[in-house]
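Two complexes are shown next, each including chain A; its partner changes from chain B in the first to chain C in the second.
Coming up: the complex of A and B.
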């Protein structure tokens, strides 16, 4: 009996330590954090994003010179990859996720940095944009109560794909070859040509390819690109949005989550 | 351009008022009291002093707390330059509804007044009192494959309400510089989308689905601005009296700066021709 109790207590202590460790690695915002963030940034990020964070690093001269995406300008750009509403800044967790996972085809994952170092970099890059001091980014609510894919649901998702004109950019079958894309009409915020995502290739999804990632991307849109947010259209009809997600996943052969 | 200033300043500046109010209290009544010898004279001088003090207190309260002097700036922005052709675009999407071609009148001139529609007249407002947001939303409607209005102006905090009256899908993509303000899908019969203006500036509005659709929203920290109507007329009421720097903005004709002196409790008129003003060195 005592042994069982001890086991539970040990498990609770370990869980508590894990939780407190996860919190503890995010350092306080102070001069030391910024100095360390700067040191890491200049080693790991400045090559593309520039020493002053304006997206104009030596490699940035090549990246995005003729087509989107350019390296992010941390001083004045908005952010594509967020859990917040269109036009809002990302949360710290959003930034942490991007640094940790990278952006397929664009930016490497920085798991080589420990968590504290990633938080230090985040503190430093945020210091360039005063909007981070003025605004409080709030993530949207993403319901997790999806029923899972069904044949009827996927069919309804297809209907929504047509209704919402997704095919105009992404193509009838999600190959990224819709008429707007093939005509070269798609432009980013800097008027650089931008390709429509090939929905049949989840490994190329910049904002993640899990069902939750896709749901989030549809809700938030991709700021700075023609991809709009659909949060307003699906407010109160989240189940329909899940059906659209199941359809999109079916384009790459996924049957479910 | 003609600027006519109508009435003179009716209320003196606060500093002068203070001086006028304090001088009788410190000088002449004191001299009177020194000269008074009998108790009756002293009594009447004291009464006079009390009355004067009371009167001054009332006057001070009234005048010090009075609203600062204001006036109205109104007039007309015209364009007497060479005709500017409409911009014509081929429509490659939803042409059954939007038409095979569409033309955008970027310089809309009233045939009688030569007034220029859609210019934004504003006061440079660093020193102006910041205003609370207007209670009514600023409407921006997708209608017949155009944005209506094509130029709108509002106060920071004021809600921009986006609507779609068309039977085709639009996306309303508003940016301030390189940062997206909002980019929302608007299918037919969408519910309106609202978002308050965050900061002053010139917001560009476009529809990625229909490239020819463009509009602008100008946001100010104060209420001293006006968008010219179809006759080119504008009106900015309740403007603090004094000299102001005025900016006139048009999305294709550019920006013109002027200085104007606003008279208190009166009306100042300003008529400006874009073409003539732009030709000045």
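Coming up: the complex of A and C.
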């Protein structure tokens, strides 16, 4: 009897997860979808990203002014926020996540577009970059941090933070005041100055602040910024990477997951 | 001219001090007033530099405080409580504190005849930020929004509701018709918005018994009343510097606007109780206005617009005659434009005012036309330093014995310590020749201000 209940609960959870990923309403890629995507894009997105998707909309300049980030250039730029390996294109789900959740400080969450509208916009903005037709982006696998944070793990995470020179940009205590940052040496691919993320302030994390988000960011890096991908360094040592995540979480007072 | 040199030295010292302070205090810009809090965005997502809006901010305003292209009123940032969707209080509410901590006025002639003793003389004085605004705004539900602003101005000893209105958006289709009803600022969506100026209004000084202007005001003169001796329906003199008619800070009425043919064209029509009406409608006649705006806002960090309006008054002012007050119709026509490219934001407006139905007996001493021109440029000279320039010109009308035209140029440096905290230093120079006598618009030679602007 208990096993049956467990099955029902599991099915409900899975259904809930499926609903939240919203793949079910993804429309077919055809002219109607692109036309509708264009209409929505021009009303909601073009102000910053530009009518041609080159990141040069009339409002976009003021977001960074003389510093990074500028609005994404969908025609030729790489993508910072991905679940794929460094240098690769993002998955559709990555794009959907950014549109849905926004980017703290610079891009609002467009939950007010219904899911179908968000997919239509994604289809339209992908049409600018032919690489999306040639490649099938594959997300990296992200094992869960099954063991959770421990005191020893957090200490080991601190050691990794030092070993991999995170402090050079993010500072000794994660305040974003490392020597490279304070010297103004950090630049994006446009040579615009860029700030090191203040790890003590999770609300400013552009790629999300959950442990899974942070693990993913460390694995994939943020292309176009000085933040490298650590997928190779931690290949086969995912548990160590989780310890680094727990340490980073501890900088903002989060002890658990 | 020792006083002039002293003022220039003071200005240089002030600017140097400002630069010094800001150099010591540069911090990451993260501060977020009400809408920014709601959408977790920095101020510059909507503003070139507060209070100026960028194109995204303009469309957000037009859409009734909903993200452009969406109808998010019912959802974004809100909690569902039964059939209610409520924001956190902080997401509805913001405050702004601004004003001068130092101001200096220099005159050609000290206390000229008829001026209030001690009022018009060279002086420099310390103060504290005198204008406090509390505003609450947002969307109640999908396509229904609201805005209310309570302002307290210590210098003018006034506290009250500045603007308060409801918005009903996207009626009949996307951006087809958007209604505002209440106490509204008609020029909010015009190419030149009265309230969105980097150089704040600096009030004139008026003699309490003669109503003569003693010290000229420093305003965007294209938006000002421009007439001397014009009175409202209760008989009080309307200051030639008071923002009025289509360019009023707030008047009570209703308006409809939309972009039915796409983003390139906007229409606006409205009806108000009348100019300078406080509460209610003293003559039951209504003022009407219409405006159109053509936009180019596409790419390469460039946007531009061209707007025109006509405002037709209906017994909305009075003039004094030998037999008493007589109603007149005060009209205004104007054109405005803005061009924005990267860090440059250039905007300007020309207005022409006409007064009709002036009694024949008063015409000999009353000029029925006036015009004004305001041109402004804001540009970032560093990531945190905003340079603003404004040229104002007024060909004044009204009472021939008082009217004096004026031209002023204003310069301001604003240093953003954070994106919502700025220090500024400003100087305004009279471009007209000095004259002896009573003309306030010529007697004030230059002014210097330093202050603070905080929004949270």
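Please note the rule applied: the second predicted complex is superposed on the first by the 232 of 257 C-alpha atoms of A that agree within 3 Å, B and C clash if a C-alpha of one lies under 4 Å from a C-alpha of the other, contacts with A are read in each partner's own complex, and residues count from 1 in each chain.
Convention: contacts are C-beta pairs under 8 Å (C-beta built on N, C-alpha and C of every residue); 3 or more make two chains touch, one makes a residue touch a chain.
Bear in mind that the values here come from a model prediction, so they are computed numbers and not experimental data.
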Worksheet item: When the two structures are superposed on chain A, do chain B and chain C clash or fit side by side?
Response: fit
Worksheet item: Put simply, what angle do chain B and chain C open at chain A, by C-alpha centres, to the nearest 10°?
Response: 110
Practice prompt. Report for A:221: first if it touches chain B alone, second if chain C alone, otherwise both or neither.
Written response: first
Discussion item. Touch test for A:77: chain B only (first), chain C only (second), both, or neither?
Written reply: first
Fill in: chain B versus chain C as contact partner of A:29, first or second or both or neither
neither
Discussion item. With both complexes overlaid on chain A, does A:192 touch chain B (first), chain C (second), both or neither?
Written reply: neither
Item to complete: Quick one: classify A:230 as touching chain B (first), chain C (second), both or neither.
Response: first
Worksheet item: Given the touch rule stated above, what does A:240 touch, chain B (first), chain C (second), both, or neither?
Response: neither
Worksheet item: Between chain B and chain C, what is the tightest CA to CA spacing in Å in the combined model?
Response: 17
Worksheet item: Hey, which residues of chain A end up touching chain B in the complex?
Response: 73, 76-78, 85-87, 135, 163-165, 168, 179-180, 183, 185-187, 189-190, 221, 223-224, 226-233, 235
Worksheet item: In their shared complex, at which residues does chain B touch chain A?
Response: 92-93, 169, 171-175, 177-185, 187, 190-191, 193, 195, 198, 208-209, 211
Worksheet item: What residues of chain A sit close enough to touch chain C in their complex?
Response: 40, 42-48, 50-52, 54, 56-63, 65-67, 102, 104-113, 176, 195, 198, 203-204
Response to the item:
As the complex stands, chain C meets chain A at residues 28, 30, 39-42, 44-48, 54-57, 59, 66-72, 75-76, 174, 263, 297-303, 340, 342-343, 380, 382-383
